[in-house]
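Both of the next two complexes hold chain A, though its partner changes from chain B to chain C.
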Partner chain A sequence: MKLKQTVIAAAIAAIAGTAGTASAQVSDGVIKIGVMNDMSSLYSDIAGPGSVIAARMAIEDFGAARKGMKVEVLLADHQNKPDVGSQIANQWYDVDKVDAIFDVPTSSVALAVNEITKKKGKAFLVSGAATSDLTGKACSPNTIHWTYDTWMLANGTGSAIVKTGGDSWFFLTADYAFGHALERDTEAVVLKGGGKVLGKVRHPLNAQDFSSFLLQAQASKAKIVGLANAGGDTTNAIKQAAEFGIVKGGQSLAGMLVFLSDIHGLGLDMAQGLIFTETFYWDLNDQTRAWTKRFVAQSKGKYPTMVQAGVYSAVTHYLKAVEAAKTDDGTKVIAQMKAMPTDDPLFGKGTIRKDGRKLHPAYLVEVKKPSESKGPYDYYKVRATIPANEAFRPEKDGGCNL
Partner chain B sequence: MTEIFGVPTQALFGQLLIGLINGSFYALLSLGLAVIFGLLNIINFTHGAQYMMGAFVAYLLANKAGLGYWWSLALVPLIVGATGVVIERLMLSKLYKLDHLYGLLLTFGLALIIQGLFRNEYGTSGLPYPMPAELSGGTNLGFMFLPNYRAWVIVASAIVCLGSWFVIEKTKLGSYLRAATENPALVQAFGINVPRMITLTYGFGVALAAFAGVMAAPIYQVSPQMGADLIIVVFAVVVIGGMGSILGSILTGFGLGIIEGLTKVFYPEASNTVIFIIMAIVLMFRPAGLFGAQK
Partner chain C sequence: MPRAQKIALAVMAAFFLLAPLAMYPIFLMKAMCFALFACAFNLLIGFGGLLSFGHAMFLGTAGYATAHAAKVWGFPPEFAILFGTACAAVLGLVTGLLAIRRQGIYFAMITLALAQMIYFYYLQAAFTGGEDGIQAVPRGVLFGFIDLSNVWAIYGTVFVIFMAGFLLIYRVIHSPFGQVLKAIRENEPRALSLGYDVNRYKLLAYMLSATLAGLAGATKALVFQLASLTDVHWSMSGEVVLMTLLGGLGTVFGPVVGAFIIISLENYLAQLGAWVTIVQGVIFVICVLTFRRGVIGELGSWLKKPL
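So, the complex of A and B:
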């Protein structure tokens, strides 16, 4: 019973409004994109309003107005509930004539929207959700999984840790689709590397207090406590692990999914030395820095996460595909997106696989010590770059039958 | 090693203690709710937001004024309690003659507004609040590693809870308060300023929430929705204990903390629902709660 404000599904800001005649194949003469995510709870700093800013920047940079394309952005808060997300998706597709839905963190919600999108022949570009099932058994001709996934995280972080001697694991797992997928994918990597899993505990989403679970992890004597959770759950677990002397006792924490905003929330004192995998970091090169500067100007000083960057990249490529295919029909646009190589300032050049997996490099990063950090959000050292063809699960292993 | 249902007894002791610590927070918060409901007849849905404000004010005092944890522990309840006084004077006092529902709606709306304002300003990832140096570290009890701070949480909350119970149930001031809830007109006739007493009572209840917020800041992330997640559980605690029962809310708070702790060992998936299951069962057999007066 989580009482919250009712679903906002308020249409906002018609961007690029002036040009009157759009291409005849674009339904109602306007391309409507919906950004659906957690706007008010534990994942809203990861995605939230920042994803909307990123979507708008993409439309602006694409030059929709100049090209005579009319693009509108809608936003909604799915409250991390699959039923709420499904209801918004249905309403958007049927009533509001939305052509494509973007972002959708929280894997359980994304899987629900994935099904609806497929049934209605629209387009779904996932940036926020993690479950690798979106390009595996739940793959769809109408969905592209953009930014990252559980297999990539497990492969990047998990194998790096196993290689450096972290061969016995205990999992703290968020008890829903995402946590289960992340735990499963990481366990596979650990076992493959010759390690073993000593135990696991499934905690409810948004659990606040982890002391009980941490005691169980401590008692297991596992070398690595793997956090198969995200957002506030991860930061609270890390903070309380320090309190209970987990790290001092010789065990190490592995944050399987950590975002820039989490590190900001924890502070470098608490987070230093953590190793994890990202596909975007604002301080990678001149292009990412320039883009981030513009983003920060609109986000009240918050730096972009990889999810928000992924929304920018996905919207950019979506609009290019609509322009090339001269239609906003979901199935056709997705096919067009897969046919064209991707290119944007944040993720560089990339491709999209038949199963809907967008490919780009991943970065194994380590959180800096407070003394190494030179300015705001100067948090990561990039330890290794995992090339695009190794970062994600091979197509044949996913079980997608597209 | 002996085991109970496959769980080593040593681990079980640890979990019982953890449950007691979480119960401390439930007890502190449900006590404030019980005091407010008992004396004002207001179901204070702003309580979670006030708990969150406690943590945030502590954060701001530390970062803007350089005042540490101990200063916060003393000052924050006063500051947040004062905002409670303002809310009571300006808004709640207009509602006493109306149905409970109006108070509930007003306080719920206020909670949403306060949380929204903090979310806009600070985001949801939370902010770090350092552990006071005196209480960092921990003690190895043999069956578990007990962080010193958690031990302090149990002690401090037990003292505050029992102190409040003592004042309300055993002192002259408390007897005025209780009398004023029964028959305000008569108490006023004895020359006691009842409206002011009610205002201060609300302020006190809010101060308790803020106190709990300061206690929570070093353990949890200081984040705008920290109270929203907790308040629903705390309401269940109050309902199980019996609305308005001071001692009931304290005992139920600690007790349910322990039950929840045990659930986290035996069946962690149910740990966030177990309290509501108990609530449903209690309401079936004792609609006024375990310690509430059956009317």
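So, the complex of A and C:
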């Protein structure tokens, strides 16, 4: 009996032991950066390990070692679950003494980390998440939303397309709050620009068969078919639209949430003619090309998305602010970041607004035909540049009370 | 209560009381919430023989109801949790009336279908915030004097809820009602021929399981201060099956251990990045190949004591 009791106790102690090892080292004088994103599933190509590479490059380029600053990078996979993300964030701040968290795609996880960061007075720099609530009703003195947001995507794509002649629209909308919001924002911009909406159709989330929706879009004779959806729904719709010859028939597809890695996955045959908005493209100028060359050398040939570029830019500016403010206190560093203009090779010069919105230009891009593409990842033609002051939601419309 | 189980219970209680000294409390609270969820699930499959593949709907419904009540209606935490649990109980009654008419794979499919309906309802409903979830839920002040924003106060609360839920399940399993459930699991026609109203027993077990799963979900919403679609997604229903299988189906302590293992994997492997899912997969394969009865099931059979 004694033995058996010991066995039970030992078994439980063993579990406790394995769980307890991955914790605690107390650190002062070290700036700890946590990159939290999806490392293994649907957003791992958009953010994932590439964001960690970008963060490390930013630390190297900043010359942290030369300046005597010790900077460490931690990474974690939040598996797109808000409770996992929330727990990692709490633990990073409390136990691992992380000073700032970067990236965090998936809006629900980002909003959760946003709350925790505010409560603990740390710093949160969002690159991967889309929700414009982060600078709206959920805005915080400890958060900066860096790369893009849903308002900017809808507005940029909508207004720039109408200006370049795409004045009649048909919407293919994912039937849930996110899709409705995208459709509503884009429609408002289209109507304001003098365009008209000929029709719209709602499809269920994670739909496999878009044929009936695409036929309606085709029959509407709208110049632009707007895809107010994301992820697998967007890529499925694009693939099936190619089969129906929608682009070849003279209509254009406008995507809302599309990234370079999606185009790479689809291939130019399928994706050609697709129009959407990005804030970074590797082939914009000499600086972005030079940076991308170094990035690609570390990422096994994968080219950077705007989210990964955003992590680089955010880490760079964060370290500059820490250096200037001579503290790693989250609230003070964020205030310092807002006070200083931003400048980095990827996004150029920019500013950060009081509500935490980072401002930079956005680009309306069109996917090239296979015959126009000359090298790896030579995918986009930039059709229009939206200046920084027009690209993002005006501060007064966000409802942020900072 | 047999002596082995008394010891195991004491070890478990002592573990959750002392562990926060060495481990991160929020992680432990999450483990307790999922342990209660897995125990509730185990009540249905391990003792009633009903494999539900839709238990996430109870976890998620209670989470949303609690979060909404606490955030929008300003309920104090005790009423928010009660409200969430009650919502899960009502949902359990409604879905139970439909589902228990069939057995085996058909029962599993009906529960899955109902859970998917609930999932798509929450995806579109305005009050859930769609894929953003309900965020920044206030933890509030329990009974008007325990401020739950203190980590030890909330830890104690979760511990009490978990132990109460666990002991209730233990009591149910070892009551005459539990014996009838086991009889139904073993041979339903025979239980019927003995004069038991089989469907009422099954419905009650289903509702109890739903209510306790709801209690876990309600507590979890307050711990993390959020409610999201993750908890209603079908993969959550799958995860609880894995927790129960890994720990030991039909054992008292198995689901607790199973939940603890899965949550540990999920959290402590987060640093491994893309390897998380692979490591989890390998561990499952090993468990299925070598621990057919689950960790506690194997331990119990080796000790020749039911645990």
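The rule is short, and it goes like this: the second predicted complex is superposed on the first by the 288 of 402 C-alpha atoms of A that agree within 3 Å, B and C clash if a C-alpha of one lies under 4 Å from a C-alpha of the other, contacts with A are read in each partner's own complex, and residues count from 1 in each chain.
Methods note: contacts are C-beta pairs under 8 Å (C-beta built on N, C-alpha and C of every residue); 3 or more make two chains touch, one makes a residue touch a chain.
Just so we're clear, the structure is a prediction, and the values are computed from it rather than from any experiment.
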Touching partner for A:270 - first (chain B), second (chain C), both, neither: first
Contacts of A:79 with chain B and chain C, given as first, second, both or neither: second
Which of chain B and chain C A:175 touches, first, second, both or neither: both
First (chain B), second (chain C), both or neither touched by A:356: neither
Touching partner for A:304 - first (chain B), second (chain C), both, neither: neither
Touching partner for A:216 - first (chain B), second (chain C), both, neither: first
Chain B versus chain C as contact partner of A:40, first or second or both or neither: both
Partner chain(s) touched by A:201 [first = chain B, second = chain C, both, neither]: first
Residues on chain A lying within both footprints (that of chain B and that of chain C): 5, 40-41, 44, 48, 175, 204
For the chain B and chain A complex, residues of the former touching the latter: 8, 11, 14-15, 18-19, 21-22, 108, 112, 116, 119, 123-128, 130-131, 138, 144-145, 147, 149-150, 219-221, 223, 225-226, 228-230, 232, 261, 264-265, 268-269, 271-272, 276
Contact set on chain A toward chain B in their complex: 1-3, 5, 40-46, 48, 175, 201-204, 206-209, 211-213, 215-216, 218-219, 231-232, 235-236, 239-240, 243-245, 249, 261-262, 264-267, 269-270, 302
Partner chain A, residues of chain C touching it in the complex: 4, 7-8, 11-12, 15, 19, 22-24, 26-27, 30, 120, 123-124, 126, 129-133, 135-136, 220, 224-226, 228-231, 257, 260-261, 264, 266-268, 270-277, 295, 299, 303, 305
Chain A residues within the chain C interface of the complex: 4-5, 7-9, 11-12, 15-16, 18-20, 22-23, 39-41, 44, 48-49, 74-84, 86-88, 90-91, 94-95, 107-108, 111-112, 114-115, 131, 133, 138, 175-178, 204-205
